Amino acid sequence: MGNTFGHLFRITTWGESHGGGVGVVIDGCPPRLPLTEADIQPDLDRRRPGQSPLVSPRQESDTVQILSGTFEGLTLGTPIAMWVRNEDARPDAYNEMATKFRPSHADYTYQAKYGFRNWQGGGRTSARETVGRVAAGAVARKLLRVQYGVEVLAYVSQVRDLTAVVDNERVAAEQIESNPVRCPDPEAAARMAALIEQTRRAGDTVGGFVQGLARGVPPGWGDPVFDRLEADLAKAMLSLPACRGFEIGSGFSSVLMTGREHNDAFTVRDGVVRTVTNRSGGIQGGISNGEMIWFRVAFKPVATVMHEQATVDVNLQPTTLRGRGRHDPCVLPRAVPIVQAMTALVLADHALRHRAQCG
Amino acid sequence: MGNTFGHLFRITTWGESHGGGVGVVIDGCPPRLPLTEADIQPDLDRRRPGQSPLVSPRQESDTVQILSGTFEGLTLGTPIAMWVRNEDARPDAYNEMATKFRPSHADYTYQAKYGFRNWQGGGRTSARETVGRVAAGAVARKLLRVQYGVEVLAYVSQVRDLTAVVDNERVAAEQIESNPVRCPDPEAAARMAALIEQTRRAGDTVGGFVQGLARGVPPGWGDPVFDRLEADLAKAMLSLPACRGFEIGSGFSSVLMTGREHNDAFTVRDGVVRTVTNRSGGIQGGISNGEMIWFRVAFKPVATVMHEQATVDVNLQPTTLRGRGRHDPCVLPRAVPIVQAMTALVLADHALRHRAQCG
Amino acid sequence: MGNTFGHLFRITTWGESHGGGVGVVIDGCPPRLPLTEADIQPDLDRRRPGQSPLVSPRQESDTVQILSGTFEGLTLGTPIAMWVRNEDARPDAYNEMATKFRPSHADYTYQAKYGFRNWQGGGRTSARETVGRVAAGAVARKLLRVQYGVEVLAYVSQVRDLTAVVDNERVAAEQIESNPVRCPDPEAAARMAALIEQTRRAGDTVGGFVQGLARGVPPGWGDPVFDRLEADLAKAMLSLPACRGFEIGSGFSSVLMTGREHNDAFTVRDGVVRTVTNRSGGIQGGISNGEMIWFRVAFKPVATVMHEQATVDVNLQPTTLRGRGRHDPCVLPRAVPIVQAMTALVLADHALRHRAQCG
Amino acid sequence: MGNTFGHLFRITTWGESHGGGVGVVIDGCPPRLPLTEADIQPDLDRRRPGQSPLVSPRQESDTVQILSGTFEGLTLGTPIAMWVRNEDARPDAYNEMATKFRPSHADYTYQAKYGFRNWQGGGRTSARETVGRVAAGAVARKLLRVQYGVEVLAYVSQVRDLTAVVDNERVAAEQIESNPVRCPDPEAAARMAALIEQTRRAGDTVGGFVQGLARGVPPGWGDPVFDRLEADLAKAMLSLPACRGFEIGSGFSSVLMTGREHNDAFTVRDGVVRTVTNRSGGIQGGISNGEMIWFRVAFKPVATVMHEQATVDVNLQPTTLRGRGRHDPCVLPRAVPIVQAMTALVLADHALRHRAQCG
C-alpha cells in the first residue's frame, strides 16, 4: 500500500534502486493530449545523478520508455505506463548495508516493518524511486500547460544559511536552469555552489529550501475539508525523501504578524476579484483564489556522509559505518524537478476534480 | 469530494456552522472497543468556544450523540455516526457576509468554486467543521491507548514570539490542561495569556505554534512511498483552518546543520534498536522507528478582526467590512485538541494498515 | 470499512435497525441542484415497510431530515447528511435472536467476523440499512434527471415463476406504481399479488426478479477495465440484502445464442450511431453506447419464515427458531426503489467521472 | 481511471493489444512470500492464445518478467511490477478497424468516450488486457494458499446448452486441466470440444458458463454493506470482457424456491458452526460463513465472427465488416484462469481487510 497518489489523475510508482528498473502507471489522464518520450526525458535529465559536479555521481542515462496509453503521439485515455531500466547496478558496493543500518536512513525501519529488505542501493528507499514521480509529473505539467495555461516552477531558494533574492512573480525557467544549483539569483547561486563543493570535499552534506510556484491556477481548485489544495501539496512534499517541512504562503513567518497585518485585502483588477497582497499563498479555505500559489519545502542534509558513524547491525551489535563511493553533497538541485513534478500532480488531480464536481 | 480522511480507519465529516448540525461517520473502527459519549465529550469540551476568556465566545454546549455503531457500550465494527446539534444560530449576525467577502476568509473561494455558498457563520468554512474531527479523533485515541499503548499529546509551544520551554519526553496531559492557553510551561503560559488578552482588547488576533507528540508508537507504521507517516501527518495538519505549515522532527532548522551533525546514530537499549538523538522525529523513510514522534504546526492569526478592512462585494464593488460579535483572538488553545485528534486519526489508520500488510 | 460507495458521487451509510437511526452522507454532489426533503421522502415511502399488505408490517414513518449540504433549497457542493430516526424499536421482540442464529441470515457471520453483534432486529444486517441508499439515490436520480435527462426505472418482472410482459422502451413510472406489487403488467401483477398473499398466509416467502432500466444515458459513461458500467451495477445490486444474481442485457440467455445471432448490428439514426438490436444492454466494452440500459436482478425468498427451523445457538447447541411478528412474504415490491436508487448512484458517479476525464 | 482494483491487495493494470506490452503493478502484497516468475508463468500459459485448437490462434509466448518487489525469491512488501512484452503485432491485419466499428465490440464506445482509440487489435479493449489480471491473480492465489490454505478453482460448466455434471466439493485442478475445454466431466468435455470445433468451422462463436469455487475460506471475510464478498466477486466477474451475468450460490434458481425450501439450516460439525445445505454459496450477509464459496459466471459468444456483418464507419456511413485471421470460437477455456485470478484477487483483498479490522 501507499504507492498510489491522486484521486482522478492517479499515479502508481514501482521499482527499487537495484532490480529491473523503476516506473509509473498514470491512470486518468485525459485523452488526446500530445505526448511522447520527448516531453518526459528533459525532466528526467534534470533529476538524473551525474548531471553536474554538485550532485550524486551515479551514472545512468535514465532513458524513459512509454509502454502504453499513447497512439500516434496522443494519449488514449487509458493507463500510461512508463519505465526506466536500471543500469548502474553495482550490488557489491552495498555489501556492508546488508548487515548494518545506515544512520538516518530507512534501512532499520524497512527491516522492522517488512522483516526483510532489498539492501542493494537502498532498494525502494533510494531516491531513485522518484524517477516515476518525475515522469508522471512531466505529463501532468503538459496537461496543465496545454489545457489550463498553468505554469509550475521550482527553484533552490536557500542552501544552509545562504538565501537567494528572487521575484517570484517574474522568475522564469531559463533563469533557474542557468546554473547547476538551480537558483535563479546568479550571485547567490555562485555562493551556494561554492558551499556545496566545499561540503562535498569535506565528505559532508548540506540541506536547504526549495521554493515552489504555480502561476495561472484559476479560482476554485481544492476540495475542503480534507483535500484542501495546501493539504495535498503538503502531503506531496512530505512524501519526498529528505523533506522535513512545508509552508504555504507566509507560512511559519505568519505567526509573527497580527491578523490585521496578515490579512489580504480584496480588490478588483480587470473585472476580477484579486487580493492586494498574497500572504495566503494563492489558497484560501483550501481553494485556489486565482493568485500565484507559492510555498516552501525544507530538505535536511542527506544522510550519507563520508565519515565513520556509530550504528548497529542486524544482530543488534554496535558497529560503525562509513559512506563510500556515491556521495551526494546536496539534494537540492535534483529536488527541484521533483518538487515541480509533485506540484503538477496535485494540481492536475484537482483540475479534474473541479471539472467533475463543478464543471 | 474531499470530506473523507483515512484509508482503513476512515472518517467522513459533514455540516455547516448554521443548519442542522455537524457530525462524522467513522468506518473501519475495530469491534469490541469500549465506547460511550463519555469518551468523546471531554475532547469536544476542550474544542468548544466559550470555555475561557481567551477563546471565541460563541455559546454552544456541543453535546455529542452516538447514533450508531455501538451496542451495550462496545463498538460493533459497523459505522459509528456521531453528531452535535447546532444551537447558537444567529443568522442575522452574518447578514453582511451575504454580500461581502471577508478578507483572508474562504467566502470568495467558495463562491468561485461552487457558485453558491452558505454565508451564515461561514457555513462549511467555519471552524465548527472540526467538531466531527475531534469526535472521531477521540475514538482513534481510545483505540490507540487501549490496543497499542500509544499516547497522543499536543500543546501550545509558541504564541507570536513567546516560546515555551518543555521537556517533550516527560510532559503530561495534566500540565497542558492546567491553564487556558494549554501551554505546559506555566511561566510562558502566563505571558501568552497576557498577550492574547491584550490582542483581544485591541480587536486583533495572533498566531503561533502547536507542538504535536506521539509516544509509544512501535516501529513499522507508515506506508512509503506516498503514504509516509509524516506525509499523512502533514496533510492532516494542513487540512486544518488557519494552518500554514508543518515540520517533522528537526524540521526547518535541519537546513542549518550538516549531515554529520544531523544524523541520528543507532544504538541498542534494552535489546531494542534505538537512536541516540531523535532529530528524525521518530520517523525514518516514512516509517516509525520506535522513538517519540514529534512535529510542529504553524497557525496564522485568524482573519476576523474588529477593525474595518477593505474588501469587495459579490457585485465586484469596493466596500469595507468590520468583524463584529464573535472575535477569537487566538485559535491556538482550541487547536490543541484538534491537532491531537488529527494525529490520532493518522496513527490509527496506519496501525490498521500495518496489521493488514505485515500483521 | 465497506460502507462507502462511489468514487466521485460518493455515499457513506450508517445505522442499525435499533439505535439512534439510519442515515447517509453524500460527498461530491454538484452545487446548485434544487433539493429539499420533498425530493427524497417519496422514495423512502416506497421503500417503507407497512405500505401495503404485501410487505413487512413494521410501522415507521421514516421521515427524512436533511442536516447539511443545502441552503435556501439548493445544494452547496458540501456533504449532504440525511437521516431517519428509528421509531418502531421493540427490542424485546428479538430476545431469542440474542442467543440463536437465524438460518440464512447474517447473525452467525457477523458474530464470526466481529465477535459481537447488535442482535436487536438484525442490527446493521437489517434491510433497514437501505434507507440511506434510497435517500442518496433520490438525490442521484434528481441530478441525473435535471442535468442529464436520464430516467431510471425498475419494476418487478417475475415473482417465483410468474412473469410479466412489459415493453421496456415505453413502460412508465405510473404504470409501475399503479399496483402494490410494482409490476407494470396489470394481469401479471394481480396473479403475483395473489401468490404473495397466499405465501404470506402459509408463513412462507417467495423471491423473483426486478428489472432495472436507464433511458437517456449518453454514450461514453463507464471506466474500463475494472470500473465498467455493468461491473459497478453488478456490485451495486449484489450489495443488496437477498440479492443472488445479476445479468446485463441478454445476460444468461446469451449463452444459448451464437455470435452471429447475438451481435448488435450498428446503424445510423438521426445522425447518431445506434444499434439495431440491444442485446448488449446499452453497454459495450464497459461503456454506455447510447441505447437503453437494461438488466435483471435476482432476489431469493427472504429468510424469515413463520415455521420452526433447525439451528444452533451461540453455545453451539442445537435448537430451533421460529419467526414471529414481522414477516415479509416478498421483498420485491420494496426492492424496486432500492434497485432504482443503486442504479442512479452508479450512473451519477460515472456521469461525474466522465466529465472529469473526458469533459 | 478505472484500472485499479482492490483496496488493500490492489492491482493496477496497463497495456494495449499492440504497443510495448501489457502489465500490472500489485501494491499491498505482504512481505516474505516466496515468489518467482515460475509461480506466474503457468497461469499465463493457461490464458495464452494458441494453446489448443479450441482457442484463438494468436501466437505469443507471453513470458512474464518481474521488474520489482522481490529480492532473493521473496516479496519485499513493495510494489510488484510485472509485464509481458507484445510480440505478435500485426497492425496491418487491423487496418479495416481503423474506420469501421465492429458490431458488439467496444470500438464505437471507446471512440465516443475518448474521441480517439488505438484500433490495432482492439487496443485496451482486447482480451489481451487480462494478462495483467492473471499475473496478479497468480500472486494472490499463492498468498491465499500459503498463508490461509485457501484453494481457488474454476472450470467450464456449460457450453451453449451442453452441461457438465461435477461434484464441486471434490473436483480437483488436475481433472479440470485434463482436457483443453477445462471441463472436469470428461464426457461433457468431449461433447463441448466437438461443439466448439463445429462452431469454429462455421466461422461462428459460442458462449457458456464458468463455475467458480473457493474452498477453505474461513468465516468472517467480506465487508458489508457495500463491499460484501459476493458484491466484489460480481464486480470482478462483470469487469471481464464478454461476461454478461453472475450468480452466487443458488442464484437465479433461488427464485423458484420458497424461503422454507431455500434456507440453510445451521448445525455443528467438529465443534464448528456449519450449514447443512449450502444454497447461500458460502456467504451470508456479505460475509463468508466457512462453507465452500461457489458461483457461476455467464459469458456471451464472442463478437468476432467470420461472416459479413452490417455496421457503420467513423463517418457514419453504412458498411459491412467481416472478421479475418484471428477467430476464437469460444472464450470459455481461456476464461477459466481469468475467473480464478479475479476470484483470488477479491479473496486476498478481503483476507487483508479482515486482518486489518478484526485481526
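Things to note:
A, B, C and D are the chain letters, set down in written order, and residue numbers restart from 1 in every chain.
In this text, contacts are C-beta pairs under 8 Å (C-beta built on N, C-alpha and C of every residue); 3 or more make two chains touch, one makes a residue touch a chain.
From a predicted model like this one, the values you see are computed outputs, not experimental measurements.
Shared contact partners of subunit C and subunit D, listed by label, are A, B. Copies subunit A and subunit B of the same sequence differ by a rotation of 180 degrees once their CA atoms are superposed, given in steps of 5. Distances between chain centres, each the mean of the C-alpha atoms, put D farthest from subunit B. The distance from the centre of subunit A to the centre of subunit B, with each centre set as the mean of the Cα atoms, comes to 26 Å.
Annotation: 46 Å between the Cα-based centres of subunit A and subunit C. Distance between subunit B and subunit C, defined via averaged C-alpha coordinates, is recorded as 39 Å.
Across the assembly, subunit D contributes 1-4, 7-8, 13, 28, 31, 77, 113-115, 124, 353, 356-358 as residues in contact with two or more other chains. Every residue of subunit C that touches subunit B in the complex is listed here, in rising order: 1-4, 8, 10, 12-16, 19-23, 25, 27-28, 31-32, 65-69, 71, 74, 76-81, 83, 113-118, 120, 123-124. Within the complex, the subunit A residues that touch subunit C are 7-8, 28-31, 77, 352-353, 355-359. Residues 1-5, 7, 13, 101, 103-106, 108-110, 112-115, 124-125, 129, 158, 160-161, 199, 202, 204-209, 219-228, 230-239, 241, 243-252, 254-268, 271, 273, 275-276, 279-280, 283-290, 298-305, 307, 309-312, 316-318, 353-354, 356-358 of subunit D are the ones that touch subunit C when the two sit in their complex.
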